[in-house]
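Before anything else, here is the set of structures, which you'll find just below.
Two complexes follow with subunit A in common, the first pairing it with subunit B and the second with subunit C.
And now, the complex of A and B:
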């Protein structure tokens, strides 16, 4: 057990922990970038019903959904170097930050793909036909007509996933990344005031969450302005 | 000039078009009539390859395409000679009315934005929607959306505009405004192929009527001949109900 509760320490801890908030954002930004690429790579074979690849994509999504992110993190952290050893690439000395970003990217990408798939199919086929009828190629029609509307449709779900993964970045310290939670661990150990540390962390994660929510809600208003009946 | 030669289309074992031949001269307005499931919409969609015909030859101006061996380039070439007005309008929902009309000009024809804008505003004036240029499709009535669809097709200045049941999903009250717009542009000499269930409209607007059933052309000719003196038994039967309605309404 720690020392007796001291509420004043929270005000002392919050700025110390906030000094590491950029790590959370860095993991999240890296994961989103990788996630978008993976999301499309996994969604496209299923959208265009490409045999074999579509089945592989389905298994991938099901695996990501069905396993805890902590286990995925360890699988990549220990597994990826072993795998690359087979082709004589040594990444065992790379920073744990790299493994965290790769894991979160692969993981969020699997879930992104489902959102992308649903959003792309929800843009009526008729609009694509209209784009073809005025002479657009399938690629241009996808980029100019389908994609912007899918993005508007997908955004609320993407935002939920991103916020959920933001909270899950608190597991990164378990492979040694010094983020807010990691710093909180050491702070708790040195001061023996664990409860105050976790209250501080809860406050910070909650505030980051609210910040993200307000950013996304502004984006949603902007990208879906064409749906308003009277504007 | 537009020529369709021996157009055939099958879905699996089911044959939808059994060798259709149609010739359309510049300025012609062709109405394709027939009962539901006769293949008229499929035929129209074969002309711009929204449906891929299995066999036949399509010629529009200098572009001649053998349907069986049509390449992506052939398909694009045909689509750039034609424009289509859809039953469900199919406007680009994330773009304003003006952007909808400009899209084909700037993106496909690579026209400078200023010029495209001028042409598009002109087309919107023709369909009476200049004041809605900055609205989004969701803010318009069905009739207004369809008029934007017509402006979008007109702007491309195509060899032919294909109308796929342009009034079938409209409230009866809104049908009139769309038909009037189509009639006006027909009088300007725009070549059109129209699939419709509006018999009176087909008779008034077209100079040639094609009657189809089960993927075949049963009879074709001038509107007054088809409506007043059809030769084929099936055509008589089909138009009898209509001419009856017509005489009641007078």
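And now, the complex of A and C:
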């Protein structure tokens, strides 16, 4: 700290930090993409009650829900290169951005799977039966009938998870990723106005949060428009 | 490299010494945050003039910013305010005498209060309106109806969410190391870097967090079963 508090600096810092906001979105987008794949891989064995795989999936979800994201981040950052060294792939020189995206993807995927599971089970079984009765295969019935309906149900929960993970991207700097928080650390060191930096960061995260919320609420309106209200 | 299984055990025992600190960082904010949460929830439900807007902003802002920034802002901001007040009133103390854990308690309590107010608010809204009307009809005041009739039911409804709050705080406590408090994560990183065994140490830490989470879920399950006895339908 050292120097006295200067409120004008907050306005000064915001544009500087905002230049790094794309890193946050990049982590989030990568994590969501991986997360959706992992989410289905983990949810489907449990939905179709495939033995062994379903139990492994349950343990995976329990682990993700049971450990802090920071610990998961360190485990992947230190553990994954060692693991891949066994099959003689060397990734220890890869950028820490890669490890952050993988960790957040694996982590958000575990939680996505729970949302997907709940949403799919909340679609009436009659819908699947009706699809079968007009001759759809199980795969087509799932993709065309069950999935669109469960997406509308799952969306609010998915949105909450994504917003929560957006805030957690602020931990990426702990393994050296230059995101807004990382840039904030260096900015704080050079100007020794840490408090102002952190307040600016809080303002930016808050704005990003509001932005995401408004996008999701618009999406929610759109995907639930089939639920017409009859007069 | 080979995974050193026996070192995981050694690390586990060493990291376990940090358990009391982690639990303190989890429980104290849970209790204070609960108080803040009820206060904020009631202010927002009854739309107390002027303050309910402030309360609304407090909840939305704290829910919209990362916990790590709350820690940093409290850690840097409180000493500044404290020193200024101290100089003004001549307390003869300065901020360096405040123990670090106090900053964590303040930051986590403010954070937990914001989240819990929403949990409690949705719990109160989920209680049937007939309950409060029945309470009025037998002559209870608003305060009595709230404390004796609505809140107990609302808390029961929010129990699973409150358990999630506990788990959230437990996991959040891993950030206390950022102001160099040696809780489980901090201890793990010290064990890791002194022995140059990162994976093993973090596996040990992960097992501790995982175990605590599972225990918390079990206790909530039991508690819910016990508290729900009144809500059973039927006749017997």
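Here are some notes:
FYI, the second predicted complex is superposed on the first by the 227 of 231 C-alpha atoms of A that agree within 3 Å, B and C clash if a C-alpha of one lies under 4 Å from a C-alpha of the other, contacts with A are read in each partner's own complex, and residues count from 1 in each chain.
The definition used in the following text is that contacts are C-beta pairs under 8 Å (C-beta built on N, C-alpha and C of every residue); 3 or more make two chains touch, one makes a residue touch a chain.
Model, not experiment: these values are computed from the prediction.
Once the complexes are laid over each other on subunit A, subunit B and subunit C both fit without any clash.
When the two complexes are overlaid on their common chain A, residue A:63 makes contact with subunit C while staying clear of subunit B. By the document's definition of touching, of the two partners only subunit C reaches A:74; subunit B does not. In the superposition on chain A, no contact is made by A:55 with either subunit B or subunit C. Of the two partner chains placed around the shared chain by superposition, subunit C is the only one that A:167 touches, whereas subunit B remains out of contact. Within the superposed three-chain model, A:5 lies in touch with subunit C and out of touch with subunit B [touch as defined at top]. A count of residues in subunit A touched by subunit B and by subunit C gives the higher number to C. Of the two partner chains placed by the overlay, only subunit C lies in contact with A:85; subunit B stays clear of it.
In the superposed model, A:149 lies in contact with subunit B only, and not with subunit C. Subunit B and subunit C never share a C-alpha pair closer than 25 Å once the two structures are laid over each other.
The part of subunit A that touches subunit C in the complex is made up of residues 1, 5, 62-63, 65-72, 74-75, 78-79, 82, 85, 167-168, 170-171, 181, 194-195, 198-199, 201-202, 205-206, 209-210. By the touch criterion stated above, subunit A contacts subunit B in their complex at residues 124, 126-127, 129-137, 140, 144-145, 148-149, 152, 225-231. Residues of subunit B touching subunit A in their complex: 48-50, 72, 76, 79-80, 82-84, 86, 88, 90-96, 103-104, 107-109, 136-139, 149, 152-153, 156, 162.
Taken together, the subunit C residues at the contact with subunit A in this complex read 1, 3, 61, 63-69, 72-73, 76-77, 80, 167, 170-175, 185, 188-189, 192, 198-199, 202-203, 205-206, 209-211, 213-214.
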